[in-house]
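After this come two complexes, each holding subunit A, first together with subunit B and then together with subunit C.
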Partner chain A sequence: MKIVLGIKWVPNTQAVRFDPKTGTLIREGVPSIVNPHDLDATEFALQLKDKFGGRITAVSMAPPAAIMGLQHVIGMGVDDGILASDRAFAGADTLATSYVLAKVIEKIGGVDLVVFGQETIDSSTAHIGAQVASWLKLPYVYYVEKLVNYDEKKKEIAFLRKLEDREEVYRIKLPAVISVAMHSQKPRPVRMSYKIMAKLENPIQIWTNKEMGLDPRCIGLKGSPTIVGGITWTPEVPRKKEVFQGDPKEAVKWLIDKLKEEGVIPF
Partner chain B sequence: MSFDPSARKKKKVDCGKLCPEWECRQPGEFEGIWVIGEIEDGQIHEASLQMLTPARNIAEKLQTWIEGVLIGGDKEALEKAAKEVIYHGADKVRIIYHPDLKVYSADQYALVLSEEAKRVKPEVIFVAATLRGREFGPYIANTLRAGITADCTNFDVDMKTGDVVMIRPPFGAIMLAHIKTPTRRPQMGTARPNVFPIPERDESRTGEITWIELESIPQRRAFLEEVTIIPQTELPIEKADYLVSGGRGVATKELWSLLEELAKEMGAVVAGSRKAVDMGFIPHEKQVGQTGKTVKPKLYIAVGISGAAQHTFGIREAGIVVAINKDPEAPIFKASDYGIVGDAKEVLPLLIEEIKKLK
Partner chain C sequence: MYLNYLHWVEKSIYIYKKLIPPCGVYVLDVKNKWDVIIVGAGPAGSAAGYMLAKKGFNVLILERGRQPGYKELFGGRVYAEPLREIYGNDLEKAPIHRWVKREKLSFVDGSKLVSIEYQSDTSTSFTTYLPQLARWMADKAGEAGALLVEEVTVDRIIYKDGKVIGVGSGSDEVYADLVIDAEGVNRLLLEGLGLVVKLQPEQVAVGAKETIKLGEDKINERFGLNKEEGMAWLLMGGITDYIPGGAFIYTNKDSVSIGLVLHLGHAIKEVKDHISQMVEKLRLHPQLRNLWIDGDIMEYGGHLTPEAGPAMMPKKLALNGFLITGDAGGLLLNVGYTIRGVDFAAYTGYLAAKAAIEAHDKGGFTEQNLKAYESMLKNSFVYKDLTRLTGMQDLYNDPGMFKALPKLAVGTAANVFEIDLETPGVWNSFNKARRNAGLGLLSLAWKGYRLMKKM
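Up next is the complex of A and B:
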């Protein structure tokens, strides 16, 4: 099975702090990581490869530093990586980003399955999977949890996905695009030997727009229909903000009294 | 300032500047608001009805109509859903029917809806960001080469241009981004379930229902083979009146079981922060916050949750918020009504005891 894995190199949101005066992100010193939900996708793709053989190519569109993200998933067992990286790609919204990724996948050619994570921790739109599927005119299944079966002859694969109150099994004709549900897998650790190989054998290619040859009107800011018109503070919800600090017994009594006053004791 | 509807016609797009893979469309040709209605088990999804709330607000500002759009292959269910959509505030409903559309399939539904949108030209399309909405919504947007903004918490109109302003919290939820699509129609926006209330149901409302009976549809490539309904043992967190919610500060087996005991004694449902999900204490559907759910219980008790904007975003509609946290500086105290500075290990057993006494 020829698999493409889409990953994003994101700021570690756990480490991000906001400037309390301006509300803007303090980016200095914030380490970047592979979007954690993409590691579920990576694990999922690796299990498919373990079972059915084939090859996994990780792709990403990002500045050159994201090469570390590709090295990380290669360290987990992914075969190689392609980083679409060019100043001309910058400022892209999800439409323009998915366009570049779709063109990378087309250029790779002969891909059976494209695997994404459910969403990213830095924007959580969950758009890219669906949009890449649309550019490539492929079927798309979101929120995949488990492989059910793969019929290599018929080129069909069946997956289980769990919605809130139900499990659904979808059989899809390949090629197809899927997104893997977050927290649905236990991503395997990075093996140093793979990572060292990744540095020695240099399986990561960087494709600029010279290699890609995309129309400048379709990429970056120009290829993005949405614009950010402004930023405002999230309005604060008025709350009483009464705080009890002291003896825990007293504190609990105080709280119970308050809840009684408010009429929010359940019985 | 009110919107001058003739401003729509003034918008001109220079086709030569557009990506050749985008069909060039003049924004002035587009009018009306679509709300796509998701039908599940023969019923209109509540989250779709909720989208009629922002749609009404925008329709009034743009002085235009709301058209509910349904797709499917079961005439009876479609007819019934169409009525509900009208009772809840749509001015009219468009039903796209083909017998083979009985079962949902993301790309097939998206392609059919995209074709109809190309023909009808609505200026706005709203989709509820349910799991299926998150699947077919961006697929439609991309097929139309339209802009789409996910998980909006509010919508407004730029009265000068008639552009819809899609308001969403970028990551962190501390600020709100105002996103516009000035040169492209339709403009698409989604909102997560429960961000907006369901408009009041009024059976006296009427509206035209247009049936579009398709002769052929794109081939199906994703087949729903099996559905297993999982019996629900408790209310989903967005429907619970009482929630006890845990975070990093109670992310140990011992403390978490105390939290569960408190919930049990109170008849509350257990929820949690993203940390609680990451550490495997709760599944994602019990996560409160920007990347989880918006909840509106009468009482929300946050234990060991620091209260990052990302989390408190999900409790802005909650009644009374209680916080228990060791750190007196934790931001959760600024987002709650009553706070106890203390160790969950000490406070929880005492609270459980007191609650037992009350019963």
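Up next is the complex of A and C:
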């Protein structure tokens, strides 16, 4: 099975803090990581490869630093990587990003399955999988948790996905696009031998728009119709650190009075 | 594009030789293994890797963190001279934040403190961020030809037929003629080899630290520094709740590193607050907090440092095909007013590389040939400092040292400077403070003598 795996190199949002005065993110000094939900997708793709053989190519659209992310998944067992990286791709919204990724997948050619994570931790749109599927005119299944079966001859594959109140099984013809439900897999650790290989033979290619030859109106800032109208945030409410000690009945009365005073409860 | 070679090499030895590029046919070649594998891309590992790669050895450096330096923590200061011996003038290109030209030592008791300050226009040490310095040192090794591979946790040293032949990580193994252990203070690999026993609390100190972003100009103003000049400030006494150890303040380019080092053997018995709360107390100390009151805490962290000197060195630092450097060898010095870790580690890595080169010239990495490392170390400042100065350990066990002396210093100053009506004489002030601190004249004289002698 020829699999393409999409990953994103994101700032570790657990380390990003929020400036309570300006409402902006403090990104300085924040290390980047592979989007954790993409590691679920990586594990899922690797299990398919373990079972049915084939190759996995990881793709990403990002500045060159994202090579470290591709090296990480190659360390887990992915075969090679392609980084779409060009100044012309910068400033893209999800539409322009998915366009470039779809074109990368087209250019690779002969792909059976495209695997994405459910969403990214730095923007949580969950757009990319669906948009890539629609650019490529391929069926798309999201929240995938498990492989049900795969008929290699008929190129038919069935996935199970879990929703809040039910489980669903989708049987589709390859090629197809899926996104893997977050927290549904246990991503395997990086292996020394794969990591050494990744460094020795550098199986990562960088594709700029020279190689891709995409219409500049479809990529980067120009290809991005999304407009951020504004950002708002909930200001931090300072704690008053008031403690009541004594009879529980009085405590309830005291608490209700306080909440009324603050306008938290109206009566 | 690439043949699927990873499958069939999985269960074999991972030494590859590319035969027909670029179609990617890889053939296993057992003869072509690494000359040297180094475990850990810290200051010790990278210095050794740099020297050996420069000499033409085929070097593989394996690092557990996602990048060099990600698993390391230090106070904030590095002494330059040992690094200059390794890197020569290239050191000027290292990520140096400020050259330390002001040294300050303070005794703290409650909200009061007494300080001694030394100012100079020359400097022998600099402040930096360790991940930046570690990255630089690893890159130097890389430029010299070593291969650095991150995110790999080595979990065993492979010892066979009386010699070390490689290292293992999970189900993978790599082989080399020489393995250099630069794994750091937590010596799991050496424990596995049976060369050391598990760390004892008495052998280590625990450090905790915060980095506060402040801005370059504010640092210069508040600490009285010129551009690119730094301050190193050590404090002892009440700042650690009188637990043996001390606090430190270092000025980086646009941030300040503050933290504590507590002797662990004492801390586990005497500590009242969580160490993170003790760092917070340091940050909020009434005489200090205004220095960084409007700063922003960027990061915090904790780490162990070896303290016992020769007492925690492994029985041997060289085996057949094996050398031990840096913190793993117990080669760090902490004498309260001076803490030397990074430069010691780098220098011992450098000596290990030198010994390896000599051994290679003599015919191979046998224990016999590698033993020169132990004698090089014994003749170097590292070992001399360690044996001479770890007598400080005795002082740590003298409960008066970290309590009575700071109390005496602060008490005397308080008596001299805080005047009601009558101006007090210095001798009377001193004696009053001495009695309050519970120190007899003779015992004080004895303590003073020992202190001077040990230091």
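In this section, the second predicted complex is superposed on the first by the 232 of 267 C-alpha atoms of A that agree within 3 Å, B and C clash if a C-alpha of one lies under 4 Å from a C-alpha of the other, contacts with A are read in each partner's own complex, and residues count from 1 in each chain.
Going forward, a residue touches a chain if its C-beta (ideal position, glycine included) is under 8 Å from a C-beta of that chain, and two chains touch if they have at least 3 such contacts.
The structure presented is a predicted model; accordingly, all values stated were derived computationally and were not measured.
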{"item": "Partner chain in contact with A:Asp122 - subunit B first, subunit C second, else both or neither", "value": "first"}
{"item": "Subunit B versus subunit C as contact partner of A:Leu221, first or second or both or neither", "value": "neither"}
{"item": "Subunit B versus subunit C as contact partner of A:Glu167, first or second or both or neither", "value": "first"}
{"item": "Which of subunit B and subunit C A:Lys253 touches, first, second, both or neither", "value": "first"}
{"item": "Which of subunit B and subunit C A:Ala65 touches, first, second, both or neither", "value": "neither"}
{"item": "Which superposed partner A:Arg191 touches (first subunit B, second subunit C, both, neither)", "value": "second"}
{"item": "Partner chain(s) touched by A:Pro31 [first = subunit B, second = subunit C, both, neither]", "value": "second"}
{"item": "More subunit A residues in contact - subunit B or subunit C", "value": "B"}
{"item": "Subunit B-facing residues of subunit A, complex", "value": "13, 16, 18, 23-25, 36, 93-95, 98-99, 119, 121-127, 129-131, 133-135, 138-143, 158, 162-173, 176, 181-183, 215, 217-218, 222-234, 237, 239-245, 248-249, 251-256, 258-259, 262, 264-267"}
{"item": "Residues of subunit B touching subunit A in the complex", "value": "17-22, 105-107, 110, 131-132, 134-139, 141-143, 145-151, 158, 165-166, 169-184, 221-230, 232, 236, 241-242, 266-268, 277-278, 280, 283-285, 290-291, 298-299, 309-310, 312-313, 316, 319-322, 328, 333-343, 346-347, 350-351, 354-355, 358-359"}
{"item": "Parts of subunit C lying in touch with subunit A, wherever the complex brings them together", "value": "1-2, 4, 6, 9-10, 14, 16, 18, 24, 26, 60, 62, 66, 70, 147-152, 154, 169-172, 174, 296, 298-299"}
{"item": "Contact set on subunit A toward subunit C in their complex", "value": "26, 28-29, 31, 33, 55, 68, 72, 75, 77, 79-80, 189-197, 199-201, 203"}
